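Paired with chain B in one complex and with chain C in the other, chain A is shared by the two complexes that follow.
Entry: the complex of A and B
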């Protein structure tokens, strides 16, 4: 197994929160509004609750195997062969996820900011950053997440608050959206928006104990839920929901709408910085996760030989996607549905299997 | 008658025989004696003596011990210092107390002649120097000399030749005495050195105005003068296999982390090179990551800053030959602290620190942001400012990137020229470069006035960075940021910022993460970014993991509580 070093609670929380919360900058608010209308902001809370419940099972599973990541746990509970298949699926989804995210990001960036820049250049630049991050390892990615988290939080809240002149509370109505039933159903289905919480389980071996896993998981989910829900709430306040349903990057549009006198207006540069850096962190984390899983399932002790090839794979996959419509209509929808089963259901099955087969890890004395 | 005659004859004959016999004996003896005492010629005698001396004074090969034969030691000194062609070494032979042969060896120009002429040689040559209780001339008198004759404050006894030789090289005088297998080292260092003066690179308004010099001992003294503590440890470690330099590792026992101390000492001891010219070379040998732009060791010219670092639990390394001290471990944020911060009240200290951070941000990002805005994000600029920029750029024939690179390179040229030229015309270069050249460039329509402002503000920003090495790092980074901005605007800046920051996050300075206490999280002290009141700074920085965290008691709280009748408890450090 590769040596990753240990990361603290705060770093882990920042890493997972940025990866999950970053979705607010993309088409997620648009898709949510398309499904539930004005109820998006509290639908996210429902999704958050579902994710917290799902995480509790993940935590219970990890608690049985102290000091082990979920990939090692799969090997123990399901056996080597089935464990390999599930872990491989995890690794593949961790390769697909950054590709989809990167394509979405590049498309939006090209539309709004860099219309003349070839998309391959944008994708290539982010992949290089991801490769560098993967070479430097989890510790460095976690540290930069912590470092950026403060800037992200301040910048994000600033953008939301500075748009208060545009707030119109009548936009919140109809408050039930497309009906409470639809909202709850969508809330459960779309709880996979928090599926990146699985990162806590994958990197459990690098965290400082089972107690910390619990803390990290719950705090990350609550923070991400607040970030996404708060963002959706402000977006709903600013844009009537039929308008919001048509936007490619609502937060970017919100930042552009900020205007205080002649000088303080069009705050999109501030947003661009936040958006770019958090997206690069998210892509780096997901890319590193795939590297980490591949190393685990292939029993590699050095991650370096597979970083560059996997980088090329991600680049190719990103370029394979035709356009942003494909991203929104096919890939994101697929990821949302499959993520639910893969990242929430499989750990629950693993837990049940572990209980039935009486599999348990050795106690670790701190 | 005849009988008497015969008797006389017989006696005569006997006498004759005896006489003959005696004479023969005498002749043989004389021959023998004459053969023994025949005087030699001068050449023969010299030759004989030389052979004898050579056999006695020939140094035993590979032996590092000091011989009790004076001539052996003399021969060794001559051989070691190549005296047949080396004129630097002086050997003064004399008799101690007009009895015992001795010689003193030193290097011309490196010793204090007054001490030698007045306090050492006269005392040794005086009649009182002879040990009256010592019956034999061959017996060593070193104890007697040390205890009764030599009125010198600092002397040591050595028994190894290599050590004695090193002492001579560093400016000491070494006394060898006939019959003694030890030598006496007099601390007679007296070479020319620069006196303590104002620090050139780290000026402050409020605070001590003295800086380090090129002399190692002076620098150690400057620190010891500030940290008057018996636990202030100064360990000398030899570095440089050929130039035999020294470096001092200074720390406070019980305050500095022992792991860090051992790591630093280990790395210095592992240096295997022919020459160490100063702290900069040591820094390069012992730093964690050589290829990164960011300095992982702080270099300071100020004894007070070095002393305060020691008090915070850091370790100071001073090398011979440069007026700087190295401080390790260090974090990114410590590189922006100055010694003046602690001398000023908290609002002023905080204000200056924030100004410095603004300066750092401007020095790194301002030109790149300008390029990004001008080329990719012109909608981000308020309309009136955009109009002003476009108007100013109307006459400029170059693209923005060429224009800014021209000015940036010119500015770097002016800065470098200002340092290299003599001080008197250095200022002139600055004025000529900055004012006349800039004005002329604008008048000629080569650059836009707004860009001159941008580059000037960037330059000012880079001047507020207290660490010289960090300043250079940011200047280099600035160029890369400009290029990335020219290629991909804000996106390019962000990608590069991510790569640079994640590299910095991976750096460690002697085990201390570079971005601590933020990433990874440790307890953020009140003297981190905002400088809290001095009495609130109760603990040493958490990131250095010092064995003794507590720095001070409750201070003001004690007397405020006393005034209010609560009664304070001031637990000491």
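Entry: the complex of A and C
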């Protein structure tokens, strides 16, 4: 089992929040608006509440096994074989997720900023960053996340506030979108947008106790919920729902629409900076997670031999995806549904199994 | 040693990746189209025109063979092409630089094309990604190519700055409704309002001598359409009035005055000098520097067969030019002028609203209030506000306050030896 240094609450919160909140920069606001119209901003709050409830179960599970990550917990509760299957599925998901995210990132980057650059070069460059991050380990990624988080927050809020001239509160109406029933249903199914909260459980062994896990989980979820919901609220204020439903990258379009006289225009570089850095952090942490899980299930003491091969696998998977339509309509939608069961339901089943089978970890005394 | 090798290799990799983008296109490989024009073609489907900088240094430094347009530091190229973007490719048969739309300031569309529908054309450019959503769209009465050809610099040396500044005159005069392409295309897809765009036309400078304008007749500032201002000198390109769209098709025009009324009703009016006829000494013009006091108050009732809209417009202003010798600065007479101004705006608003009802176009964004009455998108879309606007009963009320009377607080009459005639 790999032994790594511990990370603090702030680092972990920044890491998880960036990974979850980063989705506002992609097609997520467009897809949400297609499903719920003007209700996207509070649908996200419903999703956040569902995620918080689901995380409570994850926390209760981790509380039974102090000092252990969820992968080890699966081994204990489900047994070696079933635990292996579930952990392997987790590792695979953590390989697919960055591939889909990277493809979406590359496609949007190609549309707006680098139309002449081959997609393999964009993907390759990000994967190299992910591989380097995986070599450096969780501690380095978490520290970079903490450093970037403040810039991200200031830059993100600045972009949203600078667009205030374009705000039109009538865009929030009809207030119930496509109906409150649809909003609640979508809010529950799309709560998987916060499924990266599972990172807290996977890296539980690198955190400083269950109290910290609880704090990290809830703070990350609330912050991410505010970031995504706030972003959707501002986007809805700027773009009427028939317009928002069409956009490839609404936040980028918003940044390009900012105009204060002749001088304060073209704020898109601010967005590009935030978007690139946070996406690379998200991809790196997801890639590193899959490396960690593979190491755990294969009982590897050294992560280095599998980093490069897994990097090649992610590159191949990313290149295999045909086009942006496949990314949006197939892969992201599949991940949304799939993640709901895998990252929310499985830990609940594990908790119930642990209670029934009276499995419990040893108490750790500080 | 190993660490040193890794560091050197990483450094080399970073340097190679940070030298520029993979596309290998330098700034001087692009021809930035500041003005783009589209109209119906003659030899092919679309006539596509661009105005680009010649980049030969300051204006006037180009060779003697160049056209007048070249001397400004800008030239135009026009081509009949199957589509607008393929036209950009065709232009490269005679232009060594690749046409780029990232710095386009004004997108000109001819009136005949606008009347056929421009949604798909604009969508094409927005989808292409280079054109920014805040690029201004202008509908030109006549040929877009001729308009661009005559789009010259009168003041200053920068065409983009000039174009940006002319569109910003909305804030100063309210005679056009400045709108970005992104917002315009969005409005074409809404049920809360219909789209509008500024109107422009080349002025041939013949209107000043037009004898149809009776001498001494009082015509208000914006009582003109583009190209009709009695003017000589300056740029031939003239921006006044509004093109009104139903969906993506242009269906009508508003004059400068009507554009001001539209801006007042929709809350976008900022400031303008407005002239009215003196309420006591008929025929004399009195001018105010008018500003929006606060956003208009719009109340909509959908209870009856037809929508009822109560519109209250709040304005304030300063008296800046008084032709009569009446002491309107006094407490007794100031309300007379205020009431006359309110009456004038109410009448103009009624006329403009009636005209737009006839065009079946809610350009006042009354729908942004109506939408609040509907709980769900399905109900809103089923009601289809823009189809109901023509039946609406609109009650207009204007409040106007004269805040200041300029540098004069009392007007004494001029003294004549005779009777002053």
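We take it that the second predicted complex is superposed on the first by the 366 of 366 C-alpha atoms of A that agree within 3 Å, B and C clash if a C-alpha of one lies under 4 Å from a C-alpha of the other, contacts with A are read in each partner's own complex, and residues count from 1 in each chain.
By our rule, a contact is a pair of C-beta atoms (placed from the backbone, for glycine too) under 8 Å apart; a residue touches a chain by one contact, two chains touch by 3 or more.
Here the structure is a predicted model, which means the values were calculated and not measured.
Touch criterion met: A:126 reaches chain B, while chain C stays clear of it. In the superposed model, A:253 makes contact with chain C only, not with chain B.
Looking at the shared chain after the overlay, A:56 reaches neither chain B nor chain C. Once the two complexes are overlaid on the shared chain, A:137 sits against chain B while remaining clear of chain C. Considering which of chain B and chain C touches more of chain A, the answer is B. When both complexes are overlaid on chain A, the residue A:109 reaches chain B alone and has no touch with chain C. Within the superposed three-chain model, A:265 lies in touch with chain B and with chain C [touch as defined at top]. When the two structures are aligned on the shared chain, A:118 is found in touch with chain C, with no touch to chain B. Contacts of A:34 after superposition on the shared chain: neither chain B nor chain C is touched. Within chain A, the residues touched by chain B in the first complex and by chain C in the second are 114, 117, 121, 125, 128, 262, 265-266. For chain B in complex with chain A, the residues that touch the partner chain are 373, 376-377, 379-380, 382-384, 488-495, 497-499, 501-503, 505-506, 513, 515, 518-521.
Those residues of chain A that touch chain C in the complex are listed here as 37-38, 111-112, 114-118, 121, 125, 128, 168, 170, 173-179, 239-243, 253, 256-257, 259, 262, 265-266. Partner chain A is touched in their complex by these residues of chain C: 13, 17, 21-25, 129, 132-134, 161, 164-165, 180, 182, 185-186, 189-190, 192, 365, 368-369, 371-372, 374-380. If you check the complex, the residues on chain A that touch chain B are 7-11, 109, 113-114, 117, 121-122, 125-126, 128-129, 132-133, 136-137, 139-148, 150, 262-263, 265-266, 268-269, 272-273, 276-277, 280-281, 284.
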